[in-house]
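Chain nomenclature is as follows: A, B, C, D and E, assigned in order of appearance, with residue numbering initiated at 1 for each chain independently.
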């Protein structure tokens, strides 16, 4: 299976400027390996694409995008943070939603920042977790 | 019909990490069976994909996604809840819209949480049902 | 023309659980005939898909979706209303936009409800029609 | 080139109920020639599709949609206005953005309406043009 | 490789009205070379498409769109600015997000304008960069 071979070679041959597609919950994101591993080399995303990482790369969909079973909406501020090192999101976007993704992907500088922002808000219980 | 056969084998052979696509009202969501059945095994979604469930899996579209005749917009907080156990949604999103989907899919822990939130809001009648 | 034949057979053979695709202004919606005709059998949408309706079904695009020259954004609350009988929309969505579509599709219970809501709002003239 | 021929025949044979696709800045809109020329026959859009117009129809993309190098987001209220004669947009949408498109497409009744609305708003300078 | 050849010829043969597709972080934008180089000929985007520019055009995806590893959401006001020379964005959109893209693409008239707007806002620290 040539698609399978291509998948393994991306993961094992470190190529920072190589383009990859991510299928996050059904939505396609295009980015480079450099973005995924450069800023936060210890994150789960980085370890998926680093040569000596101990993670197996995820499955790929029929167009070759790596499947990730997470929210596409709240992944957007995550990937932007990895691109340029700033947290930006629109005023209606739930900070708790982004925090949940930052924790899942193990991006701890962002987790700290978002927890501080949530702590400063007036009615934090309105987005309190259920369980 | 090979598509029909594939559909049945997904439903009858329980494979938690298997990826599935859902076509919710025209929009594609990608997720795993583990997400659909893990947190709320008694929900309608779970029973569609559990081996000994008494539900017939829904029809699939031409790309193999399971067709579900519901709102894609309000399904998004539902699938995120099944992924990580928290309810998060943006500030402009109608809680009543999400509640409607939580009831349809039989996700009762979320129904209870959303009914409490709606009860606490100032002008609940603005989203009062028509019928 | 086989596409033409398929179109006619959908319209003339009443099959409530049959899936149909609608191309509303360029966006695809997936739903069932039961949703389109069940709640409001006298609406224009219902009459497009009822066997003894006097409307000709609209043209279909290259993927078989029925073409409807209306706003996809404001159609979304319409189809959700047909799915479950409640009007829900996000807080930033224009009620006047939804009302315009409810009138076009002849869904009169929803028209009445939306006119009442608009009448209760503080500055109704801000969305006053131009002509 | 058969695509080129099809393009010319749409433009020169006036067919009001004929469906056309527009590719506005990358997003596809589906509409009819009747909508594009009926309400504002002197607009740029109308002249692109009128038989005796002096405009050359724009290029088409690989799926046959007419390419228009403008904002898809602010085109949406424009095409809805051409569909039913009312200006509706969501509360977060920039009126200045829609005005810019109305001017480009030469839809003067809408330009006048939007200029009045902008003149009535409290802080019009917040969206003041740069140049 | 004919796709590779086409890519080089677009970049080296200056054709202002030529249509190009940009794949910005996974989302497709359609525009013309004239828009990309006309208003801000010194920007990074312009230099990618100018004949005597010193930049190598970026890679292209499988449908021929130029890959750019940036936020599609905040690119939208950038490309609209290049189309008509005005900055417009919806009220919920983060100005800091657009500023970050304007800096990346080297569109300095817009950078200046956005920095002034951010300086005038009440709580600028809410979007303060992390690093």
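Please note the rule applied: a residue touches a chain if its C-beta (ideal position, glycine included) is under 8 Å from a C-beta of that chain, and two chains touch if they have at least 3 such contacts.
Being a predicted model, the structure only gives us computed values, none of them experimental.
Steps from chain B to chain D, minimised over paths through touching chains, total 2. Fitting chain B to chain C on C-alpha positions gives a rotation angle of 70 degrees, to the nearest 5. Rounded to whole angstrom, the centroid-to-centroid distance between chain B and chain E, based on C-alpha atoms, equals 37 Å. Centre-to-centre, using mean CA coordinates, chain A is 23 Å away from chain E.
Chain contacts: chain D has residues 91-92 touching two or more partner chains.
Round the ring, from chain C by way of chain D, the chains line up as C, D, E, A, B. Of all residues in chain B, those touching chain C in their complex are 23, 25-26, 59, 61, 67, 69-71, 73-74, 91-94, 96-97, 100, 104, 126-127, 129-131. Residues 19, 21, 27-32, 35, 76, 79-81, 83-92, 109-110, 113, 117 of chain D touch chain C in their complex.
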